[in-house]
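Take a look at the structures listed below.
Across the two complexes that follow, subunit A remains constant while its partner is subunit B and subsequently subunit C.
This part shows the complex of A and B:
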């Protein structure tokens, strides 16, 4: 497994602090509930913050014998400590408008007490506090390396929130949730570190320094209602007000406001002394609020969700690591680099590409060739090499993967003595704009070298497609007159998750070898048109996905039988009432947009399947237009019944056909679209949605056609509408 | 607790209360508790008045 420094530190930090972070997170979840439960108590009084201190004090004075303190707690509830007429002390939540007692003070529940202690110091006093502070800092570093990894993976700041390529559940949600929670996590950890530093007195002192303004005055005494200072502050600014102990003039009111502390003469109401709250204590107050979420329901919820997210990251992160460890292949070379005729070099970030290289390596070994497999970074001289085959992924914005970073430099420095034939295979995903860019770079670099002559043109593989890899092997076999057989590792299928489906109906193959298969799930399952049905044929266990059209609660699939297709052949031989094992995969991005006013559905060939279902589900009176491209009129017969039905019911507003083999001139679906540019502009302008389903080739031509239309008529590139989620695609 | 104790005044650092049963003043200052009769309290007050606070606070 090859790993970059960022990924490595992300992992190492996570492993080393997992246990502590786990404890802190679980207790964090419990503690986040405290401010939430406090906030829902009925002690808040509307508009209390606008009441002036003078008014509040007057009310309390009238109501009680003596007032000792008036303060506001972190939940913004007003607390009064008073002496009753019987000379008893009492402290409670008070309504500052009426002086009425609202309730007893909230006592910290034992569970929160316990969680706070564990969260703060693990019951280890100072040592614990230090550890918690340290691991909080580690978590901060994990978040920072995480942000860096997302930036690299997505290809820059601008694409930070772009769509994530789904490899598996853990990887997908690790990234998706990560993007939203990284900022709160950074805030939680930084404030946590700050609070720890504060406890260890590592921050500048925040002691208040009072400046005397007036010592004693001989001005005449006025009642506290007349105090200018109490009139000028409202409860909003109040933190606490302490009344003088005795009637001695040297005893004064101590008024704590959010940003300063005032000593006030109890007779004249003049400010005797003033101290500004230091920056450190303001930051410390904010840290406390941001770290604990006290007083704000919404932020406490954010903290709660972030803590749950951290638990998920721990689970998904470790699952991914373990999976990768299991899948990673060690290079065990039989021959040295100078004994081998075939040199395979790999550029891989996560180890997926290396697996393909290993399969090719094994195939060559089985065919009794001398082979040497290595990383691109270890490029060197190869004495008797005849073939160089490069397998490389791309990382970030077309950069080299971590184990290929030095290849460019090495290639310039090291010259091969003999002529070597080369082939480059690029691995990547079409979802990124820089699809296989590094492979293109490597291909170009080799082309420039004198001693290298191309054997095969650059070959790009999308989403680790086994089929594409097989195609490349075929090409390679032809070019070198060999007959290599690749042993594709059978992925394991979780049989428990497969469900039984009964074949209700199957049509004969038409002229295009296409047929309709109607299935019914034996158990009730949730699905919609646009979801996918996954088959795992016994031969290779590789997943085959078919788009579902939901017609009268049954699953309708449109399948083209391929000459070498394992799955499609198997399905084409099914008979009525047969049982098939498969799994429904939800495809939420490709459901019928019930929120849109108008929908255009574009498909070619078997891509029409989900639309056959959607058309008949459209009961909301959404204007729907269908464009379909097929070969001949006969191809269309297969679907005509369902389309006629939708037309009759009024679910379909228009239908446009394009036949590529019917007339002299080939007409494709994109040509028909170009003729209907007015309709397309109208739909896009009215926030309508365009859905595309079918082959990748058709998707590319259609997108190109749509882009021409939007650029010329709407003065915007198509990407604007794509980002608005007005374009939905499901192509293969 | 005795029901006839009445708080006279209180601040963060302590309180002064009076017990009507025993006619005694209770002075609490942080963790110091003093039970004093009227004369004793007066004497304590007079003594504290003589203290040079500035000197003691900055020693």
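This part shows the complex of A and C:
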């Protein structure tokens, strides 16, 4: 497993602090409920914040024997501490308009008390507080490295919220949820660290200092409702007001406002002294509010969701790590670098590319070749090498993966003595504008070297497609007259998950050896056109996927019988009413976009199957255009009935056919697209969607054609629309 | 001489009778406003226990508790030896902890017959991870001291008492 320093730190920090972060998060979830439950208490009084202090004080004065304090808590509830007619002290939520008691103070529930203690000190007092502060800081670093990793993966700030390539459930949601919660997590952790520092007296003192307290005199005694200072502030600015302890003239009102503290003479109402609240204290208040969510329902909810997200990150992060560990392949070379004729070099960030290289390595070994597998960074001299095969991923914006960073430099320095044939296979995702960019770089670098001659042109593989990899193997076999077979690990199939399907109809094979198979599930199952039907033939248990067209609640498959195809052969011999075992796999990314205004469907060969279903269910009046490429007019006969039906119903607005074997001039589907560039531009500009289904070769040519159109007519590369989820693909 | 003596004794007797009846009906007591002003110490909020001690120096009654999380009470050792055994209900006389530099005003109730009888009032303070002061403030309960200001030795700068 090769990983960059960022990824490594992200992981190491997470592993080392997992236990503490887990405790803090679980208690955090509990604690986030406290402000939420407090906020829904009925102690808030409408418009109370507009009431002036003078009015509020007069009301309280008339209602009670004596008042000790009047304050507002973090929930904006007004609390009065008063002396009753019996001389007893009472403290409660008060309605400042009437002086009426609204209810007893909320007592902190024991569960919150317990969670608070565990959350901030793990019941370890100072030691615990230190640990919590430290791990809060660790979590902050994890968030920062996380942001850095997302930036690298997505390729810059602008693409931070661009579509994420889905490799698997954990990876996808780790990133998607991460993008939205990283900012709250940074806030939670920083405020957490701040609050811990505060407990350790590491911050400048935030105590208020009153310098010159004016001498008191009650020369001009006026009633408190005449106090100018009380008239000028409303309850909105109030934090707390403490009444004079006694009638002694040395005692005064202490008025705490949000930004200052005032001492007020109890007879004249003059402000005797004013102290501004220090910056540290303001930051401290804000930290408290941001960290605990007290007083704000919405922020408390954000905190709650962030905590739940952290738990999910822990789960998904560790699952990913374990999966990668399992998938990562150790290089076990049988031969040294100078004994091997075939040199395989790998540039891999997450280990996926390495796996493909290992499969090729094994295939060569089985064919009794001398092979040497290594990282691109270890490039060196290879005494008897005849072939150099580079498998490389691309990181970020066309950068080298972490174990290939030094390759460029090494290649310039180290010369091979003999000539070596080279082939480059690039791995990447079409969703990035720089698809396989680093592979292109490597290919160009090798081309410049005199001792290297190309064996195969650069081959790009999208989203780790096994089928594309097989295609490349075929090319390789042809170019070197070998017969390598890639050993895909025979997966175990969970037979319980397979369902019975009845054959309703099967057509004979047409000129292209293609036939239609109509199936019905015995049990009611949810599926849509574009979902996949998976077969697992007994021979190899390798999953074969066919795109489903849903026609009148049945499953319609278009299958091409391959000469050596195990599965297609088996299916072609089915008879009506036979039972077949298979499984429906949902393929949410390739469903008909009912939200779009206009849809273009592009397919070749059997790739038309899902579209046959979609076009016959398009009841929403979405303008739909079909482009299909086949060999001859006869090939089209198989589908003409369903297409005519859709066309007559008005579900299909236009269809364009391209035949590659009909006339002297070969016409492919991408050629027809180039003729209809206006339609394509219109659809893309009107937020329409283009769907592509068929072979990888067709996909690549179509994407190239579309890219030419968008770049020349719309001044944007196709990847812009792809990120906008306007391009949907299902190719094999 | 005798006459005068009887005259002198009479009010005392009346008072004594009143007091006797008073005891059987309801203890006459007064409430006092009590302000605690803390020093500018740094750290957590202080737990403060105000107790009434009998002339022998034993705890007689808890007057007020600043600090509402009972799991820290056992840190206030001397008082806890008394309260921990009896566990009287102190909910009605419990307030929040007080931090450095702050002050708090509470209302405490003291039976009138304890005044000028050698009883004492004690303020105990404890702060998490810091010292514990068993007698931060301690003074004899007299008709003078219930309207006075007393300096503290630990976390308390001073306390002030005032009859209601």
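Quick notes
Please note the rule applied: the second predicted complex is superposed on the first by the 485 of 732 C-alpha atoms of A that agree within 3 Å, B and C clash if a C-alpha of one lies under 4 Å from a C-alpha of the other, contacts with A are read in each partner's own complex, and residues count from 1 in each chain.
Here is the rule we use: a residue touches a chain if its C-beta (ideal position, glycine included) is under 8 Å from a C-beta of that chain, and two chains touch if they have at least 3 such contacts.
Since this is a predicted model, take the numbers as computed values, not measurements.
On the superposed subunit A, the positions of subunit B and subunit C overlap enough to count as a clash.
Look at A:577: by the touch rule set out above, it reaches neither subunit B nor subunit C. With both structures placed on the common chain, the touch criterion links A:523 to neither subunit B nor subunit C. Look at A:242: by the touch rule set out above, it reaches both subunit B and subunit C.
Comparing subunit B with subunit C, more residues of subunit A are touched by C.
In the superposition on chain A, A:199 makes contact with subunit C only, not with subunit B.
Legend: residue contacts after superposition of the two complexes on their common chain; A:68 is shown touching both subunit B and subunit C. Of the two partner chains, both subunit B and subunit C are touched by A:88.
In the superposition on chain A, A:125 contacts subunit C only, with no contact to subunit B. After overlaying the two complexes on the shared chain, residue contacts for A:208 are found with subunit C alone; subunit B is out of touch.
In the three-chain superposition, subunit B clashes with subunit C only at 25-33, the remaining stretches of 7-15, 25-33, 61-69 or 79-87 being clear.
Overlap of the subunit B and subunit C contact sets on subunit A: residues 66, 68-69, 81, 83, 87-89, 242, 245-246.
Contact residues of subunit C toward subunit A in the complex are 30-31, 33, 35, 40, 42-44, 68-69, 71, 95, 100-101, 103, 105-107, 109, 128-129, 160, 162, 164.
Of all the residues in subunit B, the ones that touch subunit A in their complex are 5-12, 15-18. Residue ranges on subunit A touching subunit B, taken from their complex, read 66, 68-69, 81, 83, 86-89, 242-243, 245-246. Here subunit A touches subunit C in the complex through residues 66, 68-69, 81, 83, 87-89, 91, 107-108, 113, 117, 125-126, 199, 201, 205, 207-208, 242, 245-246, going by the rule given at the top.
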